[in-house]
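Here come two complexes built around chain A, the first alongside chain B, the second alongside chain C.
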Partner chain A sequence: MTLYGKGLRSLSIATAVVLTGAFLLIAFYAPEDADQGIIQKIFYIHVAMAIVALCGFTAGGVMGFMHLRTHDRRWDLRSYVAIHLSLILAVGVLLTGAVWAKGSWGSWWVWDEPMLVSFLIVFLLYATYQPLRFSIEDPERQSRYASVFAVVAGAFVPINFAAVRMADSFIHPRTLGTTTGGMPGEMMLTFLVTLVGVALLFVTLWKYEMAAKHARGQVKALRRRITGERASVVGGRSAAPQVHV
Partner chain B sequence: MRSTVAAILRKDLRLELRTFEAIPSMTLFSLTTFVLFHFGLNETSVEGDLAAGVLWVTLLFAAILGLNRLFVAEEEQGGFDGFLLAPVDRTAMFVAKATGLFLFLALVELVAVPAFTILLLGPSPWAILPELILVLALGNAGIAVVGTLVAGIAVRTRARDLIGPLITLPLLVPVILAASQATAPLLAEGGAQALPGRWVAVLGIYDLIFGLVAYGVFDFLLED
Partner chain C sequence: MIDGDGYVAAAYIIFLALVLIYVGIMAFRLSNLERELAELNQEAAQQDAEREAPEPAKVG
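Let's look at the complex of A and B:
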């Protein structure tokens, strides 16, 4: 039996350091935007969370694909944790996006901002992931169907972004676009540091969650060994994949 | 493969012919929704963007009605077990069901679209009929492919009537977006404008990608 938390301590410290550094850079180093003012600083965390959440959804799809190929339940657990965390980040993206829209364009919701609209659609799709898991009782089938969902939804994300982007009138700043010249160096540096920080945060939380799920599975296995089959009744409401050690 | 697809398709069509369950209810639903839109929007006629939106949203919801029933016979009467026992390619089930849903939608539109032009549409659609049929076919294909896949997932869940539409609607947002954008200029007031090629292309790419994805993963839904 091994614990899953290898390297968690150094990873946590690195995340804390980089994220603190990113916040300091956002607060003191990055220049204030000429026409948007202080509200523009929400952009760093907003876009960083958006990119990490999208990568998390895609990673969840790839892990679901691995589960379908290998029939290894651990891939389903990885996919589940990645999608779960990305969903939480997506809520953050929607909230910060709404605040930013209110601050710089004067309304909480702007339909011609493709990032926000795409995120809403992606969020609505992934919000059905948990209900889907909950409504399938057989654990083996639940993992399989959840992985199919993860693969299909992973393919949906880029198509959805392309289609919504085509339909809008380009009010949204193209962060990494090449046509508009991009942003000044200080802003770029701050943004990249924030992006690394949020990505580290995602990986750290993912590993913590995996470690917790594994520890729970091990505790359950040990308890079962002591008390016999009686203890195998699962308490609580969760659709998370169970770990069998 | 081809004979398996044909057999399942023939079975579904015969079932529909004997029960008249899906197509008449989907058609009736579309007509009622047009009436609802008339009162909800308080318009005697619509054109352009509004007409495209009313048409596509109505067709989408009618399709949802159909795909909720798509696999119910298989699940309840043991058709899945029989299919799995037979030495045939499992993807045949997907191809047959998606083709069936496409045909159902086409038959519904055969009544619903003329009814729409009579009840609600302002400009005459005769001049742009070929273009409209092309967009309808591409939109149907997207709805059929994604709808069949999600119906295959949803039918084995406890809350299938809930889970199916819940997953289908966000997945079909790009289809409705592209189909409405492609249809809107055709139904514009004062003469139809040209069919926007790039939205037709988006529909085609969507159909292609999700056709391949669904074709690839559908096997895993039938594994037990």
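Let's look at the complex of A and C:
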């Protein structure tokens, strides 16, 4: 039996330490940008969340592929939780991006910027994942269709990212670009620490959610044993995969 | 007119708010799970008590 709560305590502590360190670096160590001033400090959290969200979507696709390959329902659950968390981070990316855009460009949103619009398309694509799951009543079909969606959409994410980077930029800066000579060392260090912090946060919350779902599955199984109810009666319709213990 | 500091603070507050909302929802679900477990414990104890109760003695 998989125990998702294993190592959670040390992972939570590591996440808290690295994120606190990242915030301290952002506040006191990273220099102000010569062009944008202090508002450029939004970059650290905005881009770190974007990278982790996009990696999470792709990881969800890989997990969906593993589910289709092995028919092990746990992979579907893992994929579901990864996509669910990435979607929350994507909301954060859009909101922090809008704040940055307003402060920097004077507008909350710019429609002729490929980076922004492509991220919105990815977000809207994944926003259909939960309704898709909920619309399919049969759990077996639900998990299979959701995995196919996760694989196709997960493959779309890196292709979309590469296409945008190859496109002519308008006003949105290219992070970690090679043509501009990259960032100063202090900025790069701060960014990398923030990226590691957000990635650790993602993994920690993923494990928390998996442990919670697993515990819920065990409670349901216990209820079935005690009250003698059948699985279908207890389960009900849900967008989330059912955990079988 | 909001200055640069205000926008930076707003962005980091958004991040913290998202994390806190998420943790809050997790805590709510955990408390539900705890309540459900307490109910099951009670039911199991009741079943045990019924099983262990002595058979009524036959009179006559």
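One rule holds in what follows: the second predicted complex is superposed on the first by the 222 of 245 C-alpha atoms of A that agree within 3 Å, B and C clash if a C-alpha of one lies under 4 Å from a C-alpha of the other, contacts with A are read in each partner's own complex, and residues count from 1 in each chain.
One rule holds in what follows: a contact is a pair of C-beta atoms (placed from the backbone, for glycine too) under 8 Å apart; a residue touches a chain by one contact, two chains touch by 3 or more.
Here the structure is a predicted model, which is why all the values come from computation and not from measurement.
Peer 1: Record, for the superposition on chain A, whether partners chain B and chain C clash or fit.
Peer 2: Aligned through their shared chain, the two binders fit side by side on chain A.
Peer 1: Once chain A of both complexes is superposed, is A:Ile13 in touch with chain B (first), chain C (second), both, or neither?
Peer 2: neither
Peer 1: Identify the partner contact of A:Thr128: answer first if only chain B is touched, second if only chain C is, both if each is, neither if none is.
Peer 2: Only chain B is touched by A:Thr128; chain C is not.
Peer 1: Using the superposed model, give me the angle at chain A's CA centre between the CA centres of chain B and chain C, as a multiple of 10 °.
Peer 2: Taking chain A as the apex, chain B and chain C sit 120 degrees apart.
Peer 1: Which partner does A:Leu68 reach: the first (chain B), the second (chain C), both, or neither?
Peer 2: So A:Leu68 only meets chain B here.
Peer 1: Figure out whether A:Val99 sits in contact with chain B (first) or chain C (second), or with both, or with neither.
Peer 2: Touch partner of A:Val99: chain C, not chain B.
Peer 1: Taking the superposition as given, does A:Glu140 touch the first partner, chain B, the second, chain C, both, or neither?
Peer 2: In the superposition, A:Glu140 contacts chain B only.
Peer 1: A:Leu24 contacts which: chain B (first), chain C (second), both, neither?
Peer 2: In the superposed model, A:Leu24 contacts neither chain B nor chain C.
Peer 1: Can you report the least C-alpha distance between chain B and chain C in the superposed arrangement, rounded to whole Å?
Peer 2: 25
Peer 1: Which of the residues in chain C end up touching chain A in this complex?
Peer 2: 2, 4-5, 7-8, 10-12, 14-15, 18-19, 22, 26, 29-30, 33, 36-37, 40, 43-44, 47
Peer 1: What does chain A use to touch chain C in their complex?
Peer 2: 23, 37-39, 41-42, 45-46, 49, 88-89, 91-92, 95-96, 99-100, 102-103, 201, 205, 208-209, 212, 215-216, 219, 222-223, 226-227
Peer 1: For chain B, which residues are in contact with chain A within the complex?
Peer 2: 149, 153, 156-160, 162-163, 166-167, 169-171, 173-174, 177-178, 181, 198-199, 202, 205-206, 209-210, 213-214, 217, 220-221, 223-224
Peer 1: So in the complex, which bits of chain A are touching chain B?
Peer 2: Contacts found on chain A: 68, 121-122, 124-125, 128, 131-132, 135-138, 140-141, 144-145, 147-149, 151-153, 155-156, 159-160, 162-164, 166-167.
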